[in-house]
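Got some structures for you, see below.
The following pair of complexes shares a single chain, chain A, combined with chain B in the former and chain C in the latter.
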Partner chain A sequence: MTTIQIEGVTKKLKGVFVINNVSITLSSGNVTGLRGVNGSGKTMLMRLMAGLILPTKGTIKIDDKILGKEITFPESIGILLENPAFLDSYTGFQNLKMLASIRNKIDDVQIKHTLEKVGLDVESHNKKYKKYSLGMKQRLGIAGAIMEQPDIVILDEPTNSLDTAGVELVKQIIRQEKERGALVVLACHDTDILDELADDIYYLENGSLVSTTTRGQTV
Partner chain B sequence: MKFFRLLAYDYKNGFRVGTVKLLVMVLFVVAFCIDFYYRKHVTYSFDEVIPSGTFIDYLFSIFAGIKEYTPSKEENFIIPVKWLLLHLFICYSTLYYPFRDLSSMGLNILVRTKGRLTWWFSKCIWNVSYVLTMYGVILITVFAFCLITKEPISLNITRMFVTDLLQPGDIHETLSFNLVYIILFYPLLILISLNLLQMTLVLIFKPLYSFVVVTVIWLTSAYLFSPFLPGNYAMVIRSEYVIQKGLSASEGMVMFLFLVSVSLIFGSLYFRRYDVLGEE
Partner chain C sequence: MKKTFSRLLAIEIKKAIKNKFFIATLGIATTFSLFSAWYMIDHYRFQTFLSSIDGNPMTNASSLYNHWIGGEAMSLGFTLFFTLLPLIAVLPYGWSYFIEDKNGYVKTVVIRSNKWQYFLSKYLATFIAGGLVILIPLVVNFLLVASFVPAITPSMVYSLRYPVMIGSLWSTLFYTYPLIFVLLYLILNFIFAGLFATMSLAISFFLRNRIAIILTPFFLIMTLHYSRTFLAYRYYNEISPINYLHATCVENAANAWIITGQGLLFFVLTFGITMKLGVKREIL
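Take a look at the complex of A and B:
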């Protein structure tokens, strides 16, 4: 059971509050949605949860361990933040293999299986990343986030650049991740997707939490 | 174990990005060698035999720099273009990789490494390795040039070239063999230290501003003869083994250790709290 406890977190960057006194608790087996306009603080909150930026005030605990003090990054996390970024001259498979080499937890077969799962066929496994379409890049980014079956999956706008079939596939993947018991954090402009997939939706405005929806109930 | 996997990633990725620059360095060095070769031929054209330049003579000419400059109305400051170009090119070559890596796949790599220090030290080792490789390319190119032009592969410094072509000023009667070590190692040490400093500065400023800071250090070093300006130690012509009141090799070593320590300690402390925001 993985939990993320965000307690009174404030983040100030260049004198501006990008996150302002946010407190929420997230737990595994749930999909948490983040909603808000551009610049509302969704991505910043995700970066905070991933340990990429540290709070100016407040604490973030992953399984009761303070991020930035007791642990540097969550033990098991997969992220897709904004636009996926891989190495141009490597194929999709090579990129994931290089990424997987750090943890050394999965083999080539599992990497290929994940590529197929996100809808990248065998031909595209061996295609250079620079020749990928935007949709294919997005699918590869999702594959990179889920391939090691992490406890925490953070997906920032995962449906960007995807066609209808791609969006449906991403929805299916998110459901599978939830069923697997992962803690999924999802930021998406499409309110229908959030309503359909998220157990809790947090609405952010200028870095502050303005409302919470728990399966139809607005607080 | 993760550290070595990360290092393997940096070697693979960082060197892949920098391969073209290694080839450009070959072209630079060939041009510098040709320049020395022809200057030698022009200077001694009235001699019966054009004296041969050894392997170390060529290296000396590349890393010589300019003699001490005293600001005055009579003498204008001449920028040591070759020397500056070489050092700035190496600094530029290592400028973007660590920063851009954090804005691309490195972000995913970083969260997988568990430790920020692991990432930082891996980038430091990559940086030093890249500078060493650049230096290796310089040595190999000079070596190949000497082989092709049938110049002697030797570590004997020809004093005549130093006085006639490099014109250091108040030169010693005999040149100590220690000068060979200065030529071979000091420009390298100062390059390593300033490259690490630049990488640390990238955390605070943007890469371009860091490069500007390092450029100013190199340029000021050429303009002012001072033991406190590190670039002076990379100018072989200003060494105590070349001129009477030259810069001490031990002070150069202190400068190298100081810059490396400051960069590593400050960089690792700063990166522990560094906000990874990507290329914004």
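Take a look at the complex of A and C:
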């Protein structure tokens, strides 16, 4: 059981509050949605959860361990933040293999299985990343986030650049991740997707948490 | 944790060496070294021909040790190679952190390891790529010239032909065990080329332009090179890496303390900046 406890977190960047006194608790087996207009702080909150940036005030605990003090990054996490980022001169498969070899938890078969799961066919496995379409890049980004079956999956706008079939596939993947018991954090502009998939939805405005919806009940 | 670092280092080295910039730069640097070899082998043959007319063969005056690129100071290849050395060293991988930070790739790597491991492996890979891109052409040149010019131990009788001054770095070795002298110079070139490459990595924390990141180490070394006219003649010691990385004295004697001091300064600055700012830096 993985938990993320965000306690009174404030983040100030260049004198501006990008996150302002946010407190929420997230647990595994749930999909947590983040909603808000551009610049409301969704991505910043995700970066904080991933340990990529540290709070100016407050604490973030992953399984009771303080991020930035007791641990640098969550031990088991997969992320897709903003645009997928891979190396242009390597194929999709090589890119994932390279990343997977850092933790050395999964083998080539599992990587190929993940690529197929996100809808990238065998031909595209051996295509250089720079030749990928935007949709293919997005699928590869999702594959990179889920391939090691991490406890925490953070997906920022995962349906960007995807066609209808791609969006359906992403929805299916998110459901599967939830069933697997992962803690999924999802930011999406498409309110229908969030309503459909998320157990809790947090609405952010100017870095502050303004409302919470738990399966239809707004607080 | 240790295993994660070694895996990350292996990946970084693979990325640093198996990329088109490394191959292209290596090709250019090797071309310079081949120009030098071509010129010097021809020069050797011409000298031998002249000596045969004169009647004095001057056998000890012409040797591999004053005909390989590190021992000669007359060919275009030598000038291009040693003048552009700080730029050549940077081109293969010095810019990589800047690109990975810009496109967001850093994020996907650090969450699988940590920032300390990421920056240490990046530093080492940049150092190795920079070092190799200089070392390989030097070795190729040395082996090629050795195939045509005999490795006669330099003689002090022909001091004009062997400009390694008395008191210059490893000068005793040059006139006794020249092969060891060359090997030590190859190591010295590898280390300094590696340090030049890491300069661009450290500069990536301050500049946000790829061209500027690639060119700044070259201009810094050039500034040091031209500042030698203010200082060097006062002490008669070489302070320019462009001159002292060449295995024979171009202008002044190479001083071990100056070279060690500059090397340590470059290392402390590049490693210190990379590790301190890198680990502290938030990944946006």
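Worth a mention:
Note that the second predicted complex is superposed on the first by the 219 of 219 C-alpha atoms of A that agree within 3 Å, B and C clash if a C-alpha of one lies under 4 Å from a C-alpha of the other, contacts with A are read in each partner's own complex, and residues count from 1 in each chain.
Rule of thumb we're sticking to: contacts are C-beta pairs under 8 Å (C-beta built on N, C-alpha and C of every residue); 3 or more make two chains touch, one makes a residue touch a chain.
Treat the numbers as computed from the prediction; the structure is a model and nothing was measured.
Looking at the shared chain after the overlay, A:120 reaches neither chain B nor chain C. In the superposed model, A:34 lies in contact with neither chain B nor chain C.
In the superposed model, A:4 lies in contact with neither chain B nor chain C.
Of the two partner chains, both chain B and chain C are touched by A:79. In the superposition on chain A, A:60 makes contact with neither chain B nor chain C. Looking at the shared chain after the overlay, A:201 reaches neither chain B nor chain C. Residues 47, 50-54, 72-74, 77, 79, 81-82, 85-87, 89, 98-99, 101-104, 144 of chain A lie at the contact with chain B in one complex and at the contact with chain C in the other.
Taken in their complex, chain B has these residues touching chain A: 1-2, 5-6, 8-9, 12-13, 16, 103-105, 107-116, 273, 275-278.
Every residue of chain C that touches chain A in the complex is listed here, in rising order: 3-4, 7-8, 11, 15, 19-20, 100, 103-105, 107-115, 282-284. By the touch criterion given at the top, residues 47, 50-54, 72-74, 77, 79, 81-83, 85-87, 89, 98-99, 101-104, 144 of chain A touch chain C in their complex.
For chain A in complex with chain B, the touching residues are 13, 47, 50-54, 68, 71-75, 77, 79, 81-82, 85-87, 89, 95, 98-99, 101-104, 144.
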